[in-house]
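Below are the structure tokens for one structure; questions will follow.
The letters A, B and C name the chains in turn, as written, and every chain counts its residues from 1.
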Amino acid sequence: MNRSPAAPLPRVSGGAARSAHGPNLGDRAWSGLLGLLGGAVLLIVGVVVLALVHVARPALKAGAGTFVSSSDWDPVSGSFGALPFIYGTVVTSVVAILVAVPISVGLALFLQEMGPRKLRPVVSFGIETLAAIPSVIYGLWGLFVLVPALRDHLEPFLGRTLGFLPVFRGAPIGLGYLAAGLILAVMILPTIASVTTEVLKTVPASLKEGALALGATRWEAIRMAILPYSRAGILGATLLGLGRALGETMAVTMVIGNSPTISPSLFAAGYSLPAVIANEFAEATGDVHTGALAGLALVLFGVSLILNSAARLLVRMVASGPSRAVAS
Amino acid sequence: MRSLLLRRIRNHLMTALCGLGVLLALAPLASLLWLVVSRGLPGLSLSFFTALPTPVGEPGGGVGNAVVGTGMLVSLACLLGLPLGVGAGVFLAERGDGLFGRTVRFTAEVFSGVPSIVVGIVAYGLVVVPMHHFSALAGALALALLMVPTLSRSTEELVRLVPGSLREASLALGVPQWKTSLRIVLRTARGGIVTAALLAVARAAGETAPLLFTTLNNQYWNLRPDQPTASLTVQIFNYAISPYEDWHQKAWSAALVLLLVVGGLNLLARIAMRNSLGSHR
Amino acid sequence: MKKLLAAVLLLGAAASARAGDLLITGAGATFPFPLYSRWFSDYNKLHPALKFNYQSIGSGGGIKQITEGTVDFGASDAPMTDAELAKAPGIQHIPTVLGAVVVTYNAPVKDLKLTGETLSRVFLGKIAKWNDPAIARDNPGVRLPDQAIAVVHRSDGSGTTAIFTDYLAKVSPEWKAGPGAGKSVRWPVGLGAKGNEGVTGMVKQTPGAVGYVELAYANQNHLEMASLKNRDGHFVKPSIQSTSEAAAGVRMPADYRVSITDAAGRNAYPIASFTYLLVHRDTRDAAKGTALVQFLSWAVHQGQAAAAPLDYAPLPKKVVEQVTATIKTLTVQGKHVSLASQH
């Protein structure tokens, strides 16, 4: 993952103007060109935001208040409440996080602290492959492998054993929140696992060695020295994963059931923000419908920016050294 | 105080649980790869790459146009996105330590997590509506927008790997900064930049969501950037949700093709990386 | 690398700009897609330089894209509403063929019979099990499984949905007051799937499912179909015959926007509909406009023969005459198109 190098490279100066022989035309032009290219990144983001707001404007005018508070999504009568999609996005992301974080952290700890070194390249190759698989292929796999497995095995089993909980009630259809959440878990696992591994690498060896020298078992050293040190980084990794889960479109729309309803059961069909955009945008009739979908995109965009910013800051805090790391 | 035995048992238990994490993480990968290969392989033939899709119920046919379409989309996206992404990356590595540079870096980092479907809407608004046409260009623009932030960050990382001593030696010989950047730093980092570009291309080739309402689809060959175009990913999506057995078969085969393309690009990226590191260390 | 790409692009542009090749893009209904893809494929064989690129994205999408001018023609099973037409002046509906929306299901029941009332209550979520007393009443003597019903509906704006809900609103006051009729309604229950393809696929994949699709989709995938009780009180199986019966008594208005659901007639299937291509009355692009008008003429005459084998009912004779007259009024840059030289 992205990580600032430990020591910045020596740089002679920020600009060419300070050169001993006076202003150098070539250096100035080069600096200017690079500055333009860097500025282009800001420009792109600006254009994206403006274009989104432009498409969303009719809906924002028509009633931004009910947009995120109403659960009534009814294009025919022109009411656009986004609550079912927000709910579906949150529920599937939470399921994904609950499943993926323990597995990822376990995997990272095993690779970094416990297991044989020889395993590392093999597993990290596997994780990189997992990250490189296009989302539509995850959807294909979800539709023909995961959904039948859930319908025929896992959901009936959960219903029998944990059916007293409202989240595990209802007919096992396979398609629904649970399927979407599990697919997302697989998809965000590489992100969380690789960032966590990076974070673990930054833990000073002295901390662990100290704990071991005091007679702690390996697990105790992890729990008392390593985990507290890397807590903020793991949280950052989780937020990065969450950001990816929120925006994932194809795999989710293929298995979530696409139903704009809110139900407490994980077996039920639901909907997510990206899925409704994918399904309805090309055919939205009227400016308000199109605008409402662009408004959803704007919500998604805003939330993912916030999550990513927070995640980057947390990860950077840990990577930049023990002085600023959150230790308990 | 707890007994040593208890602590040991606990230690082993947690080790086993963490090891289980490794298995749980790799099990879906194994299942997915096995199914894509085992179900996709029987449908592969030469005509799968050369023929057009057939109407419902007509046997045979392939996804030749979708393979070409994906190729064209990605090439167009590279034309638009590579210069910007690589350029911004060089900026970040060479001039990125000021406030402006930090702003650009943070923006790129944060923007690289933006959902791809959002960018699809942007491309629809910017290209499809004004042009009154679904087009490869609109899809390529979406892919390029997605490419720039990630590419700029990875390019920066790889350019920064160039040893400072090389740069200093050049500057000490009186070579101007711009020549040093171009002739020494970028030439040395070439392998790394190629790696970053290949990874960006692999990512772009696998995108579906931003293409749904930008390139639409096309059941014919198309090489014109201003026309609707087929792509492997959209074709897999359409085949997967259909009710027809032979279309499911084609979805798996197309998925295998896509996986090979993406995997191949990743492999090339690794080789490029290794070569560039090997020759300078 | 960039030079190479540029060269490839140039080469591509040159190759596809071959003299005479014309790509006409259309989008819309999934309902007639099996027939349309056959038509466009056949027509391409007759006129190799003409390529019709038809994408079945749903009727809602067809109407939107023709209104925004991003496609050359649209397609919809639901006639456009007055409000939609107001935004797209100069759009002409051309009925191409008749189809039936069938209630298809994935449950161990042979020859299921349903009244409109029962059907509406299933889709309202009021009937949640296959062995519900209401279903049992419609199917005396049939063993019904104690299995949950999984309702499958469309997730996209759909003419098939419009036809289906138009029927439900006619036979069930509760439905009319609740979800109502339209291309996309607020479904109280169920799974959403994209296109007729998606609904068929989901019903096929999901035990206990019930959904609504065009006859052709159910037939080609060997899915069970329910008989529905029609206006005259008879249970009728969906078929080409019973679809034609539903259109027998139709009084076609000049703009072709008509509903034939819940039609009278002993053997009339109650959820039938015309499906339409949406074209501009006057096309500005001469080459595309001429090709499109000639294709329409071919479709309502020679093309009709392909309908029945694919489970669509051909247009009634009287309607063909009316449509032929309408096609003659279509213009390209203000001029009429000669149809004589064709065929």
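Keep in mind that, in the parts below, contacts are C-beta pairs under 8 Å (C-beta built on N, C-alpha and C of every residue); 3 or more make two chains touch, one makes a residue touch a chain.
Since the model is a prediction, treat every value here as computed from it, not as a measurement.
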Contact graph of the chains (line, ring, star, complete, other): complete
Ranking A-B and A-C by C-beta pairs in contact puts on top A-B
Subunit B to subunit C, mean C-alpha position gap in Å, rounds to 37
Distance between the CA centroids of subunit A and subunit B (whole Å) is 17
Dist(centroid_CA(subunit A), centroid_CA(subunit C)) in Å evaluates to 39
By the touch definition above, subunit C meets two or more other chains at residues 57, 193-194
Contacts with two or more other chains occur in subunit A at residues 143, 282
Residues in subunit B with touches to at least two other chains are numbered 216, 241
Per the touch rule above, subunit B residues touching subunit C in the complex are 54-58, 72, 75-76, 78-79, 82, 128-129, 132-134, 216-225, 227-228, 238, 241-244
The subunit C residues in contact with subunit B across the complex are 2, 5-6, 8-9, 11-13, 15-17, 23, 25, 27, 33-34, 37-38, 41, 51, 53-55, 57, 68-71, 193-195, 197-198, 200-201, 203-204, 217, 220-221
So, in the complex, the side of subunit B touching subunit A is made of residues 7-8, 10-11, 14-15, 17-22, 24-26, 28-29, 31-33, 35-36, 84, 87-88, 90-92, 94-98, 100-101, 103-104, 106-122, 124-126, 145, 148-149, 152-154, 157, 160-162, 164, 167-168, 171, 176-179, 181-182, 202-203, 205-209, 212-213, 216, 233, 236-237, 240-241, 248, 251-252, 255, 258-259, 262-263, 266
The answer for subunit A against subunit C in the complex is residues 72-77, 143, 147-148, 151, 171, 173-175, 253, 257-261, 269, 271, 279-280, 282-285
Residue positions on subunit C within touch of subunit A in the complex are 57-65, 67, 84, 148, 150, 155-157, 180, 182-194, 202, 205-208
